[in-house]
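Order of writing sets the chain letters: A, B, C and D. Residues in each chain are counted from 1.
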């Protein structure tokens, strides 16, 4: 997981990626597993793709760590980096919040999109950054997802979306809601073009993102134990739901109810994606 | 409901229709309602479209009575009358059974199809005859339904199917099963042509017919209190079903579970069909 | 009009009190035969001035209350008034018939249309029957089935939006409320017939948008359209549900805001005091607006309609573009 | 091979007894070192003659028992043996993941394929888990979702049929088992990719046909394909469930009958004694047949494939045409 400049271009952005990769390591030598409380050495944890070796807990990944773990070395080329969040509603304290998360995460927004290769197959890929305002979907998030899909269509490439989101970006009000319609419509264009669209739902994928492009993949994969559902955790708790099954709104719940194709542990993610791309991709390229 | 030769052509067939219309009246002056035991005068009952005025029980109708009650006077023109049932499996006693029902019903088979008008709109229409071997679907039934659909496509007309069936024609074995695939495929052609296809499920519509063309209407109507379901009455009883709701496999059950659009009493059937045809038909004719 | 205090908003009270006063005088006039018409006229003028004053100064929270007014006309009220004839169709053909999401066919002038919409209930029993206007997955799937029917027959679609939110019960999650809404968003973008969306009352988040992807989106004056109820926003962002008035302000949820943000195309005016003060007039205005848009859209082909709808929603959202400095190390 | 009497058919007994005898002699040979190979050879020859004799005279009812043989290989056994690599995909995206109807992607030679099929369970627990191979509406809808995926990616589809019948529980009726099967029949007729159906064991009525509309339909030698189980036919038509042997005869349910009636295209031979006596050999024969048909179909375009499939099923059924006498009164 070296940060030795394997990214395609040495831009301001690439430098940020490098910084991010370093930052992703928690301070100190070890991390405590939040699920089983095991003490995990960071080097071991990193080698294990940030999965607890004892209880299989999948730690959240930063967007760039996810890319490092997923795409072919040196193949990622980010686009839509020029997009910056506005405050169209003049929502109180939104700018300050954004500045805080920019500082904290080293990213400009909660979605990263670009071109890459996976097992030599050229793809478009998007990865949500939960560390940036809970990967809430505002105008930039939605625009980036849409551009990823439009790029896939224009370049006849498959798309892989690593989804995550706490919900809509409330600070952008009704405009954030519209990102659901916008991204879902873009999926329709991928379908019309016969291009594979694979969603990977990571912890947590809820609300507006789950009720739009994240539920529309040709194949939908979830990481084990992820929180996945429509009502965000707060809403679901407030609603005082009765007969709530113990695995409610988990990956396992979604599999049981037919909403996802499979649960794939992180270490098998790349090989699984490869097989799915091989099923969906080659001929699609010929046909279009 | 006069049988004074309103049918389009005076063929052998038209004569049979006339006979059928007369035969449809039970012997004697009155009929006992099988649901509420009310004594109903046949003239009254006939005026009431063979619906019990007390409890709304819908008596079964013969195919030709149904046509009399449904299409514009004198507009029905039957086709596919040349089809005759074969015994491809050499099934024991099948010919004798057929002869018996031909004699009893005055019909050659359990399905009648033809061209007609309904509120001046030219349509193709099919009506099952439960009185002929329980309207079981064999090769002739399937062929007639398929020809009705192909005629609708060729002539750009809407199709109305009054469905009824106890199930597959076992005497024709696997060939009767194939009628499900054949008729359902024919519906796909109607969809591709953008032509309205309205199913009316009458008592009983079960098994192979329910699991094929009868469940594929753009709009599906049921008569009140009809038995409608996948497993035929015998199978369902044998299976010893647990938690069987009181309205299991009725029109009302199907409506509750989202499988039909509406329950329409017989006296409102014609006006309902008219409105639906007006919604689906005119523009379709322009567009194709 | 019943005057149960539960059905009266605070800012409606002075008006309703005046009206009760006027009614009482009229009754007395009839009983006693004395002419008190001058007094009545004065009171009526007072009432009109008061109404104009109150309703020209509504806050977003006031409009939220109006949008949720227990007397506010609901989808079926408009369906009955706007269509010359209509028929309800039922069921998703998969699981159930959702009573919170209704739909059917209807004739409006010379337009044969397909309509869908969320339906709230009027009294307690009816409200439960309609699940408070919160549709389940089967509701969204029923709506999509009907919309596909319209597409098959080349008929325009009218979506009548009035929901606090989609249902988020355990059952709704089990049957994929997210999937159902997502699929509607995707499929609606491809429909090759005109789609007109009218937001009647509460345009509640994904539950509203699930039937909200139209070539034209219009909105009644006092309806709201929001990504989250003001109470929810206050609880989450301001950590205090009581700051809902502030949240309603910040979220920009009124029809005027939606228009300014480019999310809707037109605001349909309501009678002074709100739609419930004159349902017929509101329905008439709505019908005329719908027909006008339908006529405008009738010049477009199927693919053009889908493309227009795609572009419309594709361009929603506001962001900045940073000038990229050339990096050539 | 376990020899629990529950897993042995009556007509298999003499063979299995001979084999047990042979095995015993071999064991003794190994223990005692005496050469009894002549005896073994004689017994083996006797066994082979007996098998040839028994299995060339199977009645339709005997084949029914073979098709339902508890040791008969099931869908996943073939999937594992026929595909170079495969992956299961899950869920109908509407309600559930049906364990009785499975599906996924697979690589067979140079074919990337989509496969679906009913799955029976081997032991009691597994049988319940798989609902005895009877799929519910969600199973048929999952199969259709996957088939549409194949169509999107222009991949051929393989349907592996092995079911006594579709599930007819209250839940299945509630969720529209009829609708689910009907829709599959309709949609399968329009798929613009090659569809190959292989009937592995029980081809039980609508439940089998629900994934059975293929450009080619092939059938293992001892599989059956029937509109109703012989027991059901006997009970209903002959009013005596014990007349199942007669009903099996009358219904013409064997692979040879299906071929003669034009319902299937090819019979795939099984090893002497049935597929369970040599699963690998059966899978190999099946794989070769599938690849041969795939290669043949590869020359057709998408619309040609749909048209061929339509015509194939459209022409099924047998009837007579009466010469119409001219009626000119």
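Keep this in mind: a residue touches a chain if its C-beta (ideal position, glycine included) is under 8 Å from a C-beta of that chain, and two chains touch if they have at least 3 such contacts.
As the structure is a computational prediction, the values presented were derived from the model and not from experiment.
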Fewest touching-chain hops separating chain A from chain D: 1
Touching both chain C and chain D (chains): A, B
Of A-C and B-C, whichever chain pair has more C-beta contact pairs: A-C
Relative to chain D, chain with the most remote C-alpha centre: C
Between chain A and chain B, centroid-to-centroid distance (C-alpha), Å: 54
Gap in Å, rounded to a whole number, between the CA centres of chain D and chain B: 34
Mean-CA-position distance for chain C and chain B (Å): 42
Junction residues of chain A - those touching two or more other chains: 191, 215, 257-259
Junction residues of chain D, two or more chains touched: 93-95, 174-176, 179
Topology of the chain contact graph, where touching chains are joined (line, ring, star, complete, other): other
Interchain pairs in contact, sorted by label: A-C, A-D, B-C, B-D, C-D
In the complex, chain D residues that touch chain B: 166, 168-170, 172-179, 181-183, 185-190, 205-206, 209-210, 212-213, 225-228, 232-233, 235-237, 250-253, 257-258, 261, 263, 309-310, 313-314, 316-325, 327, 329
Residues of chain C that touch chain B when the two form their complex: 85, 87-98, 105, 107, 112, 114, 138, 142, 149, 152-155
Complex contact set, residues of chain A against chain D: 191, 194, 196, 215, 218-219, 255-262, 272, 275-276, 278-280, 282-284, 287
Residues of chain D defined as touching chain C within the complex: 93-95, 137, 141, 174-176, 179
Touching residues on chain B, where the partner in the complex is chain D: 9-12, 81-86, 88-89, 91-92, 138-140, 142-143, 146, 168, 170-182, 184-189, 191-192, 207-208, 210-216, 229-231, 234-236, 239, 241-245, 248-249, 253, 257-259
